[in-house]
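Below is a structure I'd like to ask you about.
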Amino acid sequence: MNAPEQLFASVNALPDVQSHADHRQLAIQRVGVKSLVHPVMIQTTTGPQPSVATVDMTVSLPPEIKGTHMSRFLEVFQTHQDPLSYHALQSLMNAMLVRLESQQGYIKIAVPYFVRKSAPVSGVESLMDYQVTLECEELQNQRLTTFTVVVPVTSLCPCSKKISEYGAHNQRSHVTIAAQIEGPVEIEELITVAERAASCELWGLLKRPDEKYVTERAYDNPKFVEDLVRDIALALSQDRRIKGYSVESENFESIHNHSAYAKIDHLHYS
Amino acid sequence: MNAPEQLFASVNALPDVQSHADHRQLAIQRVGVKSLVHPVMIQTTTGPQPSVATVDMTVSLPPEIKGTHMSRFLEVFQTHQDPLSYHALQSLMNAMLVRLESQQGYIKIAVPYFVRKSAPVSGVESLMDYQVTLECEELQNQRLTTFTVVVPVTSLCPCSKKISEYGAHNQRSHVTIAAQIEGPVEIEELITVAERAASCELWGLLKRPDEKYVTERAYDNPKFVEDLVRDIALALSQDRRIKGYSVESENFESIHNHSAYAKIDHLHYS
Amino acid sequence: MNAPEQLFASVNALPDVQSHADHRQLAIQRVGVKSLVHPVMIQTTTGPQPSVATVDMTVSLPPEIKGTHMSRFLEVFQTHQDPLSYHALQSLMNAMLVRLESQQGYIKIAVPYFVRKSAPVSGVESLMDYQVTLECEELQNQRLTTFTVVVPVTSLCPCSKKISEYGAHNQRSHVTIAAQIEGPVEIEELITVAERAASCELWGLLKRPDEKYVTERAYDNPKFVEDLVRDIALALSQDRRIKGYSVESENFESIHNHSAYAKIDHLHYS
Amino acid sequence: MNAPEQLFASVNALPDVQSHADHRQLAIQRVGVKSLVHPVMIQTTTGPQPSVATVDMTVSLPPEIKGTHMSRFLEVFQTHQDPLSYHALQSLMNAMLVRLESQQGYIKIAVPYFVRKSAPVSGVESLMDYQVTLECEELQNQRLTTFTVVVPVTSLCPCSKKISEYGAHNQRSHVTIAAQIEGPVEIEELITVAERAASCELWGLLKRPDEKYVTERAYDNPKFVEDLVRDIALALSQDRRIKGYSVESENFESIHNHSAYAKIDHLHYS
């Protein structure tokens, strides 16, 4: 009722500044919307999971066009509500390129992601949250899809353990894995790679016997920030589905007010 | 299977340091967990809506007890998965106080919250996101429940309009309403109060006739940061369900790199 | 040179919307500027220190006045460039109240703050950074000055130490002390109170013998989040210059992805 | 005094785990410290300016070495306190590579940066703050230096102006210029390029005649996000000192709760 015949007449009568010709002869690689907050479903190994996404969607703009049509990005996004997965992301990219009449595009969707885990001794269940980013870039008929996970873990310092009579400083670390893929890879698989390489993984809920377990496990398994990224890089490099990867670890040192940091970068850049 | 008889024997054998007596004779008003990220459902006027919450849960600790039991907060939270509402929040508070054996407690749950809106002329639908915080505090048998909404709006400067031959600077502003309540109030009602007082409300998706409408509407309706908080305070003070309130507006000035800010505070402090 | 006679004629000719009468009969407790970023000097025990402040400055507005004069806040701030101290803050408040013609006002200045420290064994020197906030509120002829420090420290879990054969989980924690004062108190004094109560304090630069020291010191000195706030509250309550205080600790648990948190609140609320 | 002969004996006696051989045969591109907060001086056109930096410093680590020596980064940084400039950054890089015995390295220093500006009509002076990042990367004997500025400006929508009877939505935008350089370029020059391309630049302090000026100036000078990046790209591409550049604009739309965004990327990637 808000959009009668009269409206469409009026729409057509309004000048369309964005479609004007542009005389600077400069292509724009990315133009669109950024930091759109929207509810989404994500595909997990145990079914679709609701989450809240922060979304960037852009296309390239040829030199002769003055502006893109911003409202179309929203239209595309809100009509593609399949649970987010490798394939759903490709489909969203295809729809965006068609609707925006562009050959090149970039989509980035960041979501909190949850995995139900059982505590290592008591078996009590709880959710762990991870920050996950799904990216897709179409560039000169080449498509690059990247899944990134930020995995919080425990790191325990080998040097501190070695030189001290007792104890060892440990801390929360953020391991970030970016994996360039050409087909489906489960987010949980990337999380598992990071957690296995850590001094110890984290859980939402731990009972006392679990706390004893994780304390001793971390002490038995000291890791420098360098060890973390190397062990993870080894694992990722052996997965044929992963075409390129980077792995970072930021250790929020418990003995300093800055971080220890390492990165191995084997990404293919476009 | 991870928690056999043997485990419980071992749990009981582990020392329980937190239950020891404490000799400093100092009560702690709030002790518990902070910044827990967890999926939730929220009750809206059109049914339950999935979101992702950031949760703080604390209880008070009497002088003679050394420590609280941190894992119980998680247990309470993850077993109370009713869609968040005024009543569900009370029920969560009751459960926490019982499980933590405390007389006083505080719960704070922050969530992105979505409202489906129709654009003002074209009628196209899209979601707008708002930051919502639900708080509940039990203090000496008095319970205080507070719903807070951050509502992004347009503000257009009356001074700029008045002194300029044409145009007027305008910008995105964040209106924050905190309402102390003793019974259910819909979050959408608070959002509507803020949006009505603004130079113009925001939408996710606007077509050109809508953009013309919102531009002219804002220009017809200039508001200082002071006007925003006063108009909203007037509306809130007339709602008998609201026992206390504060209203703030932060205008991210388009002509400065700092904000214009105003606050009217009629909250009851505990 | 940019402001000749002609200008002032023109200034006076421009309508002054903010000075109009207002008919809603609602006082505003706080109106002014927020999130102004500005270089400052801070007074320390070893002399003035340059830093970068984020500044909020507001006054109250009586019911009959439509708006405040935003540009005056900047004028006041940039002409009061004495190194920030208890007394400089009082002087800034006085100047703001006079210039804005108000009886009530609030100033909040947040700065990174640095202390030169010697490592515990090697004696090598480095700077530690702390987040410091200076607040001053004038309310019905009563003035409340509050200094807040966020002190990053190491906390080592007593329960983890007790129940484990070896090791103990530890992590970076943020201890926040807010002290209400009526005369000068050195920021370093508040920092020292927090650092003494921790399992161990932090340094920017540690050599291996220092790392051995801090590892063993933390293990010898386990502290729950509850212990931290109680030990600090005891110390603060014995300082007669401190009229009211709160102390919080947020432990960024190395075994979870959420924080353990405690707060003791003995602030006087206005 | 804290480091007598005895200490050095003890230092040498402590095992040096980081210097052990590593058997995974994986080089690490970047390892070092991240998010170090430290006071600095920055060179400006009007002399050295104090600020507070957030610093990342990393080197590459060959496959056969187990770990880097984290404390050396701090030592290097705190002994190189020349005002930050193109040349000081090169000198810091040289010192780091020598001290860390590495062929490759990366330094990133982010600082708030201030420029004293005169209001356009009244001439009143105030400071504007900008976020500036200085980066230097040494990679296979090729060095890449990048200066990045984030410049807050006003953007006014040409479409909104064209289709509306009166008014036009405008907002604060962040223009980000990254310039790859091989010799000194003044940060103020990059800021000026961004401000000239905007609908209007920002000031800390504006009097009423200034506010009239900036309102009318923005209305006379509407710019899409696409126009902003194109006009700036044109200017940057004509500066022979700039070997590569990217320019982004994020417009914090006053009519939406998301941003309009555009990027032109002519950076040389290593």
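As written, the chain order gives the labels A, B, C and D, with residue 1 at the start of each chain.
To be clear about the criterion, contacts are C-beta pairs under 8 Å (C-beta built on N, C-alpha and C of every residue); 3 or more make two chains touch, one makes a residue touch a chain.
Since the model is a prediction, treat every value here as computed from it, not as a measurement.
Counting only chains that touch, the fewest steps needed to get from subunit B to subunit D is 1. At the interface between subunit C and subunit D, over half of the residue numbers appear on both sides, which makes the contact a same-residue one.
Computed centre separation for the pair subunit A/subunit D is 24 angstrom, with centres defined by C-alpha atoms. Between the CA-based centres of subunit C and subunit D the separation comes to 27 Å, rounded to the whole angstrom. Subunit A and subunit C have Cα centroids separated by 35 Å. Residue positions 14, 36-37, 129, 159, 163, 204, 206, 208, 212, 257-258 of subunit D are each in touch with at least two other chains.
In the complex of the two chains, the subunit D residues touching subunit A come out as 14-15, 17-18, 22, 24, 26-37, 56, 58, 61, 66-68, 70, 158-159, 162-163, 224-227, 229-231, 233-234, 250, 257-265, 269. Against subunit D, the residues of subunit C that register as touching in their complex are 1-3, 7, 10-11, 14, 16, 36-39, 49-52, 71, 74-75, 78, 112, 114, 118-124, 126-127, 129, 204-209, 212.
Across the complex, subunit D is touched by residues 128-129, 152, 154, 156-157, 159-160, 163-172, 200, 202-204, 206, 208, 211-212, 214-216, 218-219, 252-258 of subunit B.
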